[in-house]
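Alright, structures below, take your time with them.
What follows is a pair of complexes built around chain A, which joins chain B in one and chain C in the other.
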Partner chain A sequence: MADPTTSEFVTLVSCDGFEFIIPRSAACISGTIRRMLDPASKFSEALSGRCVLENLTGIVLEKVCEYFMYNEKHKDQANVPDMEIPAELCLELLMAADYLDT
Partner chain B sequence: MAAMRARHKIRAPRRVATAPTEDFDTLWGVLSSSLIEIHTKNASTLSFEELYRNAYRMVLMMRGDDLYERVKSLEENWLRDHVRKQVTESILPILVRAQNPQSITDVQDQSNERRAAGERFLAVLKEAWSDHLLCMGMITDVMMYMVRNSRGGVASNASNSLLQDRIISADRTKPSILVVSMILFRNHVLRAPVRPDSDITVAHVFESTVLFMIQLERAGHIIDRPLIRNCMYMLEGLYETVAEEESSNLYLTTFEPAFLSTSRDFYKEEGARLLEVGDAATFCRIASQRIAEESERCRCTLVTATEPKIGEVLNNELIRKNIEEVVRLEGTGVRHMLDQNQLDGLRIVYTLNARVDEKKSALTGEVSKRIVELGSEINVSSIAPPQAPSATEKDPGGDKKEKAKEKEKAVNPQTASAIKWVDDILALKRQFDQIWEKCFQSDQNLHKSIEDSFEDFINRNTRSSEYLSLFFDENLKKGIKGKTEDEVDALLDNGITLLRYIKDKDLFETYYKKHLARRLLMKRSASMDAERQMISKMKMEVGNQFTQRIEAMFKDMTVSEDLSVNYKEHIARSADPDQKRIDLDIHILTSTMWPMDAMVKARDGQVQLPCIFPREVDNLRQSFEKFYLDKHSGRKLSWQASMGSADIRATFQRSNGKTQRFELNVSTYMMVILLLFNDVPDGESLTFEEIKERTCIPEYDLVRNLQSLAVAPKTRVLKKEPMSKDVKPTDRFFFNNDFQSPFVKVRIGVVAGGANKVENQDQRKETEKKMNDERGGSIEAAIVRIMKQRKKLGHTGLMNEVLTQLSSRFVPDVNMVKKRIESLIDREYLERLEDEPATYGYIA
Partner chain C sequence: MKSIDVVEIETGQTREMRFTQEPHSPLKMASRRQASNIRGPRSALTDFLASNNISAAQIRDDYDRRVADAARQAANEEEDADVDMEEPEYEPTPEPDSPDDKAKKRKRQQAIEKIKKSKEFARRKARRVGEPDDDDDALANEMADERERPVPGQLENCEVCGKRFTVTPYSKAGPNGGLLCAECSKKHVDGDNKKAPPKKRTPGIRRRQNQADLLDGLVSQGAQSLLETCIKKVAENISDVEEFGDLPPPVMHRLSQILARRRAITSTTLDLFLRPQNKEIDIYDCAKLGTDDYHKILATMPNLTRLNLRFVTPMKDRIFQYMMDRDMNIQDLHLDSPNLVTDEVWRELFTRLGPRLRSLKLWNLDSAFDDETAEVMAKNCTNLQRLKLKHLNKIGDKALEAISTMKTLEHLSLYISQETTPEPLLQIITELGSNLRSLSLEEFYFADDRLLELIREKCRRLTKLRLAINAEFTDKALANLFHEWPNPPLTFADFHRVRDVDMANPGGPPEPVGLASNSFIALMEHSGARLQSLNVASCRHISHAAYETVFGEHKRYPELKFLDISFNGVVDDYLAQCIFRCCPALTRIVVFGCFKIRDVKVPRGVAVIGTVGAKLTIDGITQKELV
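Entry: the complex of A and B
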């Protein structure tokens, strides 16, 4: 990971300190994260490749990352199996999705 | 199930770190200072997430509209206070002065200074723009939640901006923050006055500066293209209206028209200047260079979309207005290029002309003019000096009499000039074909005009049909010897090409038949294959009807061969074996198919007595006649001695007592003459009159044959007294026992007769008369055919139909058609309809 602005992986950090390292392409499914990491804008997140998401707890962020990977894996495919979403998390996930523009 | 549901209670979303202190103004304070940081390029110290979260919260507080307004005014202030200052400061006085039209002259001297200043200004402006663009990109990113969550939902406009633009508020008229920022830039930077008290705006200075740069480039300087290009991007990114329609972007509304109008002026001037120089080649070279330059300029410096428009300006100003003059330029124009075979020049002229005119009329006109000129020169040079230049005679019908005085001319130069005429035309045709192919991209219009021009001048020469036929005659007799099949093929094709141009194909047919008859009967044709090839080519070109009679001539020849063989067998069976036989090769010709009148010279209306054959030959003639009429009763044979030839063995008594034998190949008439001398004792003579009386050979032919026998130096079988070139009625002829020849077989040609040379004036008139008779017949036939079918037809309609029907063979003279109609009315084939004027009816 020589240059964080271009490296293949990025780090997402939850408000309670959990870190998730996922491929940049997967993370950029989120519009918010994509803009955050846009090298042209030179925000600190773009420079460091590390996004601290103060709005999300570790539990939610985990599910979000799971979704990112799920989406990455199944993109351009038809008839993919549904992702399992625990009912108790669904409201929080909805808000996260809204926030992240996913 | 109920229990299950209870267990999986949905967790309410937790408020994460909701600091009670967070009210709108505090958040905005943090945000606004961050936005300024972004503008001052300190974004790396900021956390996107934090800014985003702040905006997010504000929107969640339902204060999105306030946020929008605040961002907007922040931007406005920033642009007005910082960016505008920066930009206007970069505008040096010289650039402002250049705005003033009066000062342009003195600005000329300072072009370097102005240029440097201009570049600096453009650089600053470009910098300001790209910063603005970048910052606005970032700010819009940060404000994305605001943008996205506006109640207005998704707006449909401009998808090409950095973001998906969305409308912020409930009323959809509110443009996205990015669009607003663009408008702000336009108003507060571009449209700001340069100096507080002046009405010249930054945009004005910008425009004039860029135009100035372009002018410099046109004058051959090197300018900073990428810089200008970037500025153009700026203009393209800005719009007159909020809706950002493509058509309203500032480039199209302001800069492009200005650019086009300066270009128009520039090229108007350039065109005039180039014309003054007066060199077509230079004009064309520079013009095409300019075209290339401008399109490159559009691609590299300005906007590609302008390319067709500037092209149109060039077409209008530089080419359309000038091309005609350029084409006609004395000494350097198209004519000069054609003469000098300047292919490159012609190619450029063609390309230029093609740009402005689908039909390329300027070029076409000049090319065809030149062709006709050259063609007429060929026509004139092909005609011997005493004759009037045929160019004055345009009537292809040929019923105009040639006014020039006829003069007996040497035969060979005439024929040679006919052949030269054809060769010259072919050369000319080749030249233009080549030019057409290489320079005019095989353009159809031009092809047609070239063809037309050829047709035009070829038909101006009333003798073209005859000349062409002579050309074939010459080539089929001698020309194709020692040539490969392909060469022969090409040669004939060339001739056929010319035939295509000739309108009076019937005239050509007549001549061709005449010449062909000579070739066939005199066995002068070099190759029968070539003859047949020629006919099949003509058939393809002109049609079946045209070659019918010519083919019939060939058929007669083959039939005659069989007949000769049969006759020989017949003689061998029946005749007295002791009798010294004479071999007979007979050609039976169907008189309607062959140009009999060309062979039988019924001169001056005097009835020609048949030639009196010597006894031996006459016996043979009678025997054959009997043989033939036994086979085909009811036919009449008339003997054409003028067309025949004979092999005779002559014995010469040398003065030293020895004898020498020669085999002489002579014409039938010569044979008849020579046989007379069998009965004349040595040393005795015959006068011209005596010979004439005893042979009944027409005087004209007799003179020619005697000339061959007694005057031509190599074949002097007879001696003439007095020794002179001409044969006079009083001349006396002796058998020349001292005849010498290095060969045993001697061919004595008749002094070239009528068929192989250009006709003299009388013959020509005769041919024309005959032609006219024949045409009269064809015209009548056509009229009757048409009327029979239509029963009733107006005059013009009939006229047109007749002309179309006959055009494949010749171009009928309108007067002649009228006369024919009259005569048909007289003979009650047609009638004038009483109730309808100018309408004819058919009388069955």
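Entry: the complex of A and C
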């Protein structure tokens, strides 16, 4: 297995144990995750390539990952429509976005 | 194909028959009611119903008819596949006026031909791109069906469940072209959504939205941040939100801004923002709030230190009284248009709470707040650091003189409506200049070069300077102000509409008045390194050569983000490219009335606002504007 500090994919884990494996570049859109994974920080997250996000549930984290990928896909485009967010999730997602600095 | 056509016609016909039957039925009933003179024994209920003009017989008849209808429809569906050209036998009442099939078919064929030529048909066809071409007929048939449907208000039997329901403009068509009742259409739509392909966006549709975004300074590059997307979504669904939970204050602030802009702040949404432990509240649109709501704000948030409310039209004396009675520790008071508060109460407020105030911003006051109140303010607000008075009608020279005694001021912004003499302003700069960090003076027509000299002499700490709307400052004095001015470079400079206005002499006097070539060069030399925002709108005596000098090949303005050069007619495509080259951080450039900008390559992330019919090339993609 490749060195986890440089591997192309990272694992995000929700508080209820769901794991999401997504490209590092996509996850690093979030300032919080970027700092967690910064090899210079020597955080355990950076060394293992695995972030456990204790305050996000699987449902919210799934949507967050969806946004990461959405952002990655559209990063060079102009006039990108906003991603669809279910209304019942938006407050939780708002808190998550604030925490993740995205 | 042919058999399907027949089915279409068949169902269409039965529908029409029912349709024609409908208007007759009340007539029939009326005659029946009149004819029924001979009656058998009647129950009390029947009597009661009759007295209310409800006929039991009619109810029964209707019911029978509905049952028959439903049965017929069910049978119809089963036999759909092999319906022949004849009238169905189970039709309970053969319509005497039913036209014969051939004529009917011909008529429909004509209608379909007509539909195919119509604009609506072309439009719908355009929307269906991607589907096979040969469904022209199907589409035309569908439209013909739509036209034959009962009009809203009529009763109709649901195509799926056979239930009787009232047709509304929102009634949906079922799979066989008939109408569906509310319940069935819900189910049907749910099913549809899963299947429906995402709507194709034609390129023209978003142009208007893009222009609106541009004016807001939003240059979209990639997706918006998740935070912003979520905030927007919450704002959209604000009526469903019961509580914000512990959202961080910056997010609350942003939500408040968005809701205010949508004019969605009402008594109910206001409750979401009231948090007893918070010390600040910012509501940018209070137009829908009542006097009681202000009470509610003050009562639920006793620890308030910052009260920022805009468009507070119904704010009255008793709100201020309440603030004073509770001895609230308000330090920042920002109010827009509290016109129902009287001068007496303003004075009382300043006398009692004045020493606590750190910043005071008032906008749009025309019926209260006069010179005397301003004097009370100046005397009592002994710790005030920030003062902004904009569009205050009743203050003049005396108020300015009073302000000149407020030694603690660091930020001063004045835009008063009365005409004033230059002297009080000179006094303000003499007294306060050395302390000031920002100075904004708008529309002081009679301020002259002496003011500039004083600013040069006194001010050493300015980072923001706005001297706008004036026709007295000369180019020479302005250039002199910036030439080796010991004040550190400005980050914000605004000199819009500082120019000579003389219709008879559009070229201006020989000795330039206003911010012209020399002063523009001097300004950029002095402040260019730190400048973030520059507004020289309408300074139309800045020459092409001056622009070339300022935005020359080796000049760099690393921090300049906002630039407004509206109505600087000399700016052309060449100068625009020079500006883009010299300002790497530029995000917004406003160019209203710069008609020589015809064809420019716009760097990524820059919003160009105000071009007319110009060809803008962004990222190699040309966007031709329509005039």
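As a convention for this text, the second predicted complex is superposed on the first by the 101 of 102 C-alpha atoms of A that agree within 3 Å, B and C clash if a C-alpha of one lies under 4 Å from a C-alpha of the other, contacts with A are read in each partner's own complex, and residues count from 1 in each chain.
Criterion: a contact is a pair of C-beta atoms (placed from the backbone, for glycine too) under 8 Å apart; a residue touches a chain by one contact, two chains touch by 3 or more.
Please read these numbers as outputs of a predicted model, since none were measured by experiment.
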Superposition on chain A - do chain B and chain C clash or fit: fit
Chain B versus chain C as contact partner of A:77, first or second or both or neither: second
Cα-centre angle that chain B and chain C span when viewed from chain A, reported as a multiple of 10 degrees: 80
Partner chain(s) touched by A:54 [first = chain B, second = chain C, both, neither]: first
First, second, both or neither for A:69, with chain B first and chain C second: neither
Partner chain in contact with A:85 - chain B first, chain C second, else both or neither: second
Contacts of A:46 with chain B and chain C, given as first, second, both or neither: first
Partner with the higher number of touched chain A residues, chain C or chain B: B
First, second, both or neither for A:97, with chain B first and chain C second: second
Distance of closest approach, chain C and chain B, by C-alpha atoms in Å: 6
Chain A residues contacted in one complex by chain B, in the other by chain C: 87, 90-91, 95, 98
Residues of chain A that touch chain B when the two form their complex: 15, 31-32, 35-36, 38, 40-47, 51-57, 86-92, 95, 98-99, 101
Complex contacts: residues of chain C adjacent to chain A: 206, 210, 213, 219-227, 229-234, 236-237, 240-241, 244-245, 247-248, 251, 618-619
Chain B to chain A touching residues, read off their complex: 8-14, 16-17, 41, 43-50, 52-53, 56, 134, 137-138, 141, 144-145, 148-149
Chain A - residues contacting chain C, complex: 64, 67, 70-71, 74-80, 82-83, 85, 87, 90-91, 93-98, 100, 102
